[in-house]
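After this come two complexes, each holding chain A, first together with chain B and then together with chain C.
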Partner chain A sequence: MKVIKIDKNDWTRGIDKSRETYQLFGPVTDKNQSVFKQLGKDAYPEMGRTDTIMSPKSVLFPQTEKILTASLDESVENHHIMQMPETDTTPRAVIGIRPYDAKAVQLVKLNFDTPEYRDTYWCDAYEATTFVGLAVNQPSASDFSTSMGSGPFAEEGLDLLLVDLDDHYLAKVLTPKGETFLDGAGFNGTADTDASLKTIQGMKEAAEAAITSLVPTDKLKEKSLLDLHGAPFWEDTAFSCINCGTCTFVCPTCWCFDIQDETKGKSTSRFRNWDSCMSPLFTMHGSGHNPRGEKTQRVRQRFMHKLKYFLDKYDQGSMCVGCGRCVEKCPVNIDIRSICNTMNSYEPQK
Partner chain B sequence: MDNPYMPYPVRIDDIEIATEDKSLKTFKFVFLNKEDEEKFSYQAGQFAELSIPGVGEIPIGIASSPVEKGFVKFTVFKTGVVTSHLHNMKVGDIMGIRGPLGNWYPWDKLEGKNVVIIGGGFAFTTLRSSIIYMLDPANRAKFGTIDVVYGARSPGMLLYRDELFEWEQRDDINMHITVDGTDDPDWKYNVGFVPTIVEQNAPKADPDTYAIICGPPIMIKFTQPALEKLGYGEEQIIMSLENRMKCGIGMCGRCNIGKELVCKDGPVFTLKEINLTPKEY
Partner chain C sequence: MNTYTKKIRELASNLLKEGKVDLVIGFKEGTVPMATAPGIARTPEEADGFVWDANCSLNLTNYLTNKKEKIGIIAKGCDSRSIVNHIIENKISRDQLHIIGVPCTGMVDKNKIRGLFEDEITEFKEEGDVIRVKTGAKELTIDKQEYLRGNCRTCMHRNPVIHDDLVAEPVVEQKLADPFKDVKAIEAMDADEKWNHFENLLSGCIRCYACRNACPLCYCPTCFVDEANPQWVGKGQDPTDIRTFHFLRAYHCAGRCTDCGACEDACPMDIKVRDFTRKLVKDSFEIYGWEAGLTLDQRPPLDTFKPEDPDDFIK
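Right after this comes the complex of A and B.
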């Protein structure tokens, strides 16, 4: 295990140097909100504002992405035949991604990179990306990542883990990709590995201990899917929901999408756009029949997918990383933690 | 690996009006590149995305049969933006097909068995594919008796009428054609809903008999008890489901019933499998 010390005085120089190799993405302030964006030439990641309103999922999965194009002009060759648009798969690096968001990328990967099909767009973007994480020294009140297989210093899905120690970062090298990034940025300050790891371990334990929100998930696996689906609590759970879709929008593991064609003159493009299971149109058949036409059915779908279907399908934990964004942003205070608790402790009436 | 969103270019080779109300048309496509036809090697029961650049895509069951070479056929009900556009297209137009998608009827398991095919309305497409496949001289000996219960609202709404009446004349397939109602005094087949005709005419259950059902959700729901009454076990009832789809490859997230994705884990499930999922179809 290699640890590099990065003096904060050298930080901007290294970031500038890394731009020669990578397109950089990082947290910046936009309309008073902290969001992940591609960094312009003069922009630097705001490392004090990494608790972004949105996760960096859009770096790999843009909210709108052109996937195919075609000409509708019958006088040109190959009209009405779809082509791949030019896609940029040059190296990119996400600076300051939180460990729970990096874990989310790994969960989303299970959907887009399967034994049968490989989603070209997501997978190519994923392979081009280096994830430079920043450990969470002071978890927020809604952070319950330790309950969901992640944590403030979790390393899954990261190539590098930065730990903020006021005047410097310790950078834990986790993969060859991470090492390449450090080389590219010219960060090579040596640190006493043993002492550094000890420091990091101490900070990790303190950060984990600071998370007071603990959500039991231990019994979800053994519960019957049909019992949970048929449980009486969904009416109450969904009662206050206004189906706004904010939870799906801010969720780092929500990957559902729609596909739409748009035409301008004689040229057309096929786009994929983020979609939401909170919308009735999401599942409506051409006939008008809708298997999830009622709000309660859609709310149940969201939580069952996150906490039960995904678990049963992949046996890799819940499809939730405990970032707490949906808890903070829900306008009617629906809280996945209490729903998880209800599901985990549910015993059907015999 | 290939881009799973990229359709194979095809040309519309023929368009046939399939029902008297003209709400269904059968489209015959040929692949622009011969090698794509080989890549599109399919089994009876699978579906594909018909892809019209500038309009969109629709998931449709493959109506042609793996034993029919040189083209693929789809029978499409005019109902939304893409299907309405398709109904207005003409022979020679270029579009795309993406697939084959989903699983298929379990042909390995069905070898040596009696098969009862049950279909309703315009969901008879993959069942036509299956019947043509089973009746093919190279395959017919692999199966025991074949019964077909097929119903539509009226005689003119039955798909593939010429083939139906031809099969009716054969002695290696038992046809039970029905309509919900008709004022045709010469109608010589059944009148009644599919579940009733199933109960009256389908062979009684035995361990070597399997039922394959494809139809609208409502027909599926009512046919199930009819088969159970005849003694069919939940592993002998094989159903093809439909749900709203976009990607067709298990990624876009909308067609799930519980943890199963109708587009990728299905569309074909045994009743036993379906009984383990919420009935969100």
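Right after this comes the complex of A and C.
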């Protein structure tokens, strides 16, 4: 295990140097809101910001992505034949990604990179990306990441973990990709590894202890899927839901998409757009049949998918990393922590 | 417990006890600071969960659409006007409703208050017009009236226009020299400035449709943006499609919008979508002398026809 010390006075220079090799993405303020974006030439990641409203999932999975194009001009060769557009798979680095968001990327990977299918667009982007994480020294009140298999200093899915120590960062090198990034940025200040790891361990324990939001998930696995599906609490849970897409769009693990064709003049393109199970149109059949025609069914789908179906299918925990974004942003305060609690403790009436 | 909360619980509980309604719709305490959750009570005991404070900003009329039950509903001034809309648009009948009116002193702009702090708000306490807000690092006492939402600052109908009970004596209505100052500022821009203003306004839109879905007017069974056959609007992040959604949604609210501000409250990206609807509120007022949702006895200007209409286009 190698730890590098980065003096904050060298930070800007290193970031600039890394631009020679990488397209950079990071947290920036856009109209008073903190979001993850590709950084322009003069933009630097705002490392001091607390959580971003939108997760960095769009770095690998843009909200709208062109996946195929074709010409409808019959005088052109291969007209009407869909082809992949040119995609940019040059190296990119996500600076300041939070540990729970990096964990989310790993969960999304289970869907996009399976033994049967490989989603070219997502996987190519993933392979091109270096994840430079930033540990969370002060978790927010709605952060329940330790309950969801992640945590403020969790390392899963990261190539580097930066730990903020006021005037410098300690960078824990987790993968060769991470090491390459540090080389590219010219960050090479050595640190006393043992002492640094000890410091980081102490801060990790303090941050984990600062998380007050604990959500039990221990019984979800043994619950009967059909019991939960038929449970009476969904009606009241769903009452206040206005069926907007906020929770699914701010969620770092929601990965459902919809395919749309758009034609202009003699050229046509196929796009995929983020979709939301909250929308009445979601998975609506061509026949007109809607498998989840009622609001309650849609709300149930969201929580069952995250906390039960995914768990049953992959046995790798919930499809929630406890970032707390949906808790903060839901206009009607539907709180996944309460629902998880209700599901975990549900006993069907005999 | 504040007197409003106490009275709301008492009235709601009695309605349920006496069997006058099947359920009451109100606000319940949220799970994070500055949040409230719309909720229902079906028993007098459940009515004890209702609360009232300056975070009850959503419009509960949204939950009335096409309901069949007999419903008690908590309504501040703007909500009551939306209820009037719902009744004249046949989305619910007056007989089905028992309206618990709340004379309102305004709801707070949560983002403006959050902007006062570097770190996360951990406590929000309201005592009359004084609000105490705490974070890990500091505590501030602020004057509620200075942190009202945009629509509450220009509101001239704080008292419910229709109600069966009132939780308190009516409050004094605001007198404003110019309620449409904000709209006039945009009207005064030249074409380029206007274009830039609205481009900038919409630049963060993620098309989650929270604004539409929080709006009590947006009850179409299938919204035009969701229509698949024919499909009117692209579904992606193309700016043209984003604009089309916002422009058309606003026009669908012309002469109906009560400026309740639920759209802005719900927006996760803090987009001031009322910049669109406010212009239509102003036009309705200036052209037709119309303020939406004030009376059950008159059809809204855009769904009536008068042979003596002075405008040429009709002849």
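To be clear about the criterion, the second predicted complex is superposed on the first by the 349 of 350 C-alpha atoms of A that agree within 3 Å, B and C clash if a C-alpha of one lies under 4 Å from a C-alpha of the other, contacts with A are read in each partner's own complex, and residues count from 1 in each chain.
Heads up, the rule we're going with is that a residue touches a chain if its C-beta (ideal position, glycine included) is under 8 Å from a C-beta of that chain, and two chains touch if they have at least 3 such contacts.
Nothing here was measured: the structure is a model prediction, and the numbers come from that model.
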item	value
Combined model on chain A where chain B meets chain C, clash or fit	fit
Touching partner for A:Q138 - first (chain B), second (chain C), both, neither	second
Superposed model, angle subtended at chain A by chain C and chain B (C-alpha, nearest 10 degrees)	90
Which superposed partner A:F271 touches (first chain B, second chain C, both, neither)	second
Which superposed partner A:D227 touches (first chain B, second chain C, both, neither)	neither
Chain B versus chain C as contact partner of A:F249, first or second or both or neither	second
Touching partner for A:F239 - first (chain B), second (chain C), both, neither	second
Which superposed partner A:E205 touches (first chain B, second chain C, both, neither)	neither
Touched partner set for A:D194, first chain B, second chain C, both or neither	neither
Contacts of A:E127 with chain B and chain C, given as first, second, both or neither	neither
Which of chain B and chain C A:E294 touches, first, second, both or neither	neither
Distance of closest approach, chain C and chain B, by C-alpha atoms in Å	6
Footprint overlap on chain A, where chain B in one structure and chain C in the other make contact	258, 260, 284
For the chain A and chain C complex, residues of the former touching the latter	30-33, 35, 50, 53-54, 63-64, 138, 140-142, 236, 239-240, 242-246, 248-250, 258, 260, 262, 271, 273, 276, 279-281, 284, 327-329, 331-335, 337-338
Interface residues, chain B side, partner chain A - complex	1, 3-7, 9, 32, 51-57, 77, 79-80, 83, 93-96, 216-217, 242-244, 246-247, 249-259, 264, 276-278, 280-281
Complex contacts: residues of chain C adjacent to chain A	30-33, 35-40, 58, 62-63, 111, 115, 119-120, 122, 136, 200, 203-204, 206-210, 212-214, 222, 226, 228, 234-238, 265-266, 268-270
Complex contact set, residues of chain A against chain B	67-68, 70, 72, 79-82, 84, 111-112, 114, 116-120, 225-226, 229, 255-261, 263, 268, 270, 272, 275, 277, 282-287, 289, 291-292, 297, 301, 304-305, 308-310, 312-313
